[in-house]
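Below are two complexes that have chain A in common, paired first with chain B and then with chain C.
On to the complex of A and B.
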């Protein structure tokens, strides 16, 4: 899953896929602002057919956080 | 003029006064509501007890619906959210972030929640989280701004959500209101025009600066910090922009603007204070009461729409008039 997710994140945030690592922090390392995060969540929801409520957004700080969230909500890893 | 917003907020006219920091107090908000629109008290960075007393003061002036704008980056935001729920207001607009965590609390207090958004994705997520309406605010507005203009953002947000949308940013008269309605808005939010309302308690110097402003006086500082702010140019903005050009530190830039809005609004220092105002400041020419402003805007919007209906006809009816 991480490979596909890396691609989505890289595409949404306009960064290189190799810079997207599990420990990457969206704001500090990938230069995402709050509007980018809304876009990213929308794209992930479309890809994985899962709903990420907006109150969860502030807990998703790193790429790994998103992986964990998806895994915990039944998305196949 | 009836729209889903006038029904939702139980108001006469779809005209909303933006919850401007330091400017939008009980006196302004209550008088806008009294005049048939709806006024919002700007909580900004103020402590919760200030917000409580302003809500109570507004309710003494009018029994019409009142709103509060909650600035989500405020250090007092949790307490402000609680006070708003306790005191009970008709609606809350939110700025600078994601209000999802307060949604349940406010909805239980039967408050209409109306997030201000700067993108389509944010609008969609807010609708899903339970927003009753959305404010789509373009970068023509004063204060903290996004990247998109009202002309492009508003119709895209209207297309993306099914809740009613309020257009904001760059609207200063009835023509602007008519344009926003054309783009799909069901109400408009104005800030700058109400700064100079007779009931507005900002310093006379601030009002005079807005009234005296030309179109090109509107500048944006802070782009380099990621928190751009639109205001009217003065000594402070010139210094700020010069410092930004010279890449001075974020801390030095912050120092220049610390308390600067208060300086302009309260102390009347329009040289070193931040005179926040939207791009339409150039079209504002006089002080009027809130009632006069609202009546004039709504009347002009209706006339504009009627006048423009001629463009929907295949052949121009009156050739002479257009010669």
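On to the complex of A and C.
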């Protein structure tokens, strides 16, 4: 996982970058609510020029899920 | 000739519905609603209390604040998504109630951006020299068009009305820039038979991306630096949304007054209600630069830059 992405997640969710691990669950481990996730996804969309549809967002439960999603959509994160 | 606000007024129903009461009939909690929206309570119309009744109350206060007689009003424009009738217009009913016999009356529909659209029409009338005094009102009884079993929507809205009287101004400035994008029209709907339906994520992204762009547009058009703006008066949809917009604009959130906590989202009424509260709290002084920004169903959005010269 790129440091950049870790930084974005930590910045958007107001957590320490070292607490952002691939297996971290957004809701349970990083205390993100639905609106935090909206903002996080927007930040990722802006950074990596991708579009993450709402239906996909529901499936992105962990940091690894997001890495995989971006990778499958041509982003090397 | 330019336009300025010469009077403001607002009215909300006396009945207050707080989050604790909502959680007696919905699977929700005060904590859940508060942390995600900034709302603690909202005003809800009693049975039979209509948009026109709230609008007329707000109008009377705005006319008194302007220090004019109702007969001097030449046009009444009401922005509403919850009119008493399709026709007569809500504006017609206000006319009757306040005795503005000379006024041309009509309603305007642009959802939560309605007040800004209505103000822009009044501004154009005045700049064109067609009218000198126009009453612009945003009035909503959203409680009558939400599904009270839909916890993702009904907790967000409240009822109320806000009004401004616009008049001529030889100095100062007022500029409006409005937009619509109907590609996402289904993201926020209120049908004839259906309650308000919203795709929360789509609307959140839309507002947080488009509002800063729109604010920058009126700043650039008027050659104004963001630091010169006293207040950014945004449609009160959600506190988290407004905080995110402030962050994207790199402007301290303290410059974004909010009344969501006690009013919820009152759709087209939110901007004029907030403006009236600022006026009555004496927080506005002549020469203050204000930005008004609305966004919502359509999708529609837009901003205005005004100088306060009341």
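Basically, the second predicted complex is superposed on the first by the 75 of 77 C-alpha atoms of A that agree within 3 Å, B and C clash if a C-alpha of one lies under 4 Å from a C-alpha of the other, contacts with A are read in each partner's own complex, and residues count from 1 in each chain.
In this text, a contact is a pair of C-beta atoms (placed from the backbone, for glycine too) under 8 Å apart; a residue touches a chain by one contact, two chains touch by 3 or more.
Only a predicted model underlies this, so the values are computations on that prediction, with no experimental measurement involved.
Trainee: I'd like to know which partner A:18 touches here: chain B for first, chain C for second, both or neither.
Mentor: The answer is neither, since A:18 touches no partner chain.
Trainee: In the superposed arrangement, which partner chain does A:57 touch: chain B (first), chain C (second), both, or neither?
Mentor: A:57 sits against chain B and chain C alike.
Trainee: Contact-wise, after the overlay, does A:3 reach chain B, chain C, both or neither (first, second, both, neither)?
Mentor: Neither chain B nor chain C is touched by A:3.
Trainee: Pick one for A:38: touches chain B only (first), chain C only (second), both, or neither.
Mentor: both
Trainee: Between chain B and chain C, point out the one touching more chain A residues.
Mentor: Touching more residues of chain A than the other partner does is B.
Trainee: List the residues of chain A that touch chain B in one complex and chain C in the other.
Mentor: Residues 33-35, 38-39, 41-42, 54, 57 of chain A touch both chain B and chain C.
Trainee: Can you list the chain A residues touching chain B in their complex?
Mentor: Against chain B, chain A makes touches at 33-35, 38-39, 41-42, 51, 53-55, 57-58.
Trainee: Under the definition above, what is the set of chain B residues touching chain A in their complex?
Mentor: 97-98, 100-101, 103, 118-119, 121-122, 124-126, 128-129, 146, 226
Trainee: Which stretch or stretches of chain C touch chain A in the complex?
Mentor: That would be residues 35-36, 199-202, 204-205, 208-209, 238, 240, 244 of chain C.
Trainee: Which positions of chain A touch chain C when the two form their complex?
Mentor: 33-35, 38-39, 41-42, 54, 57
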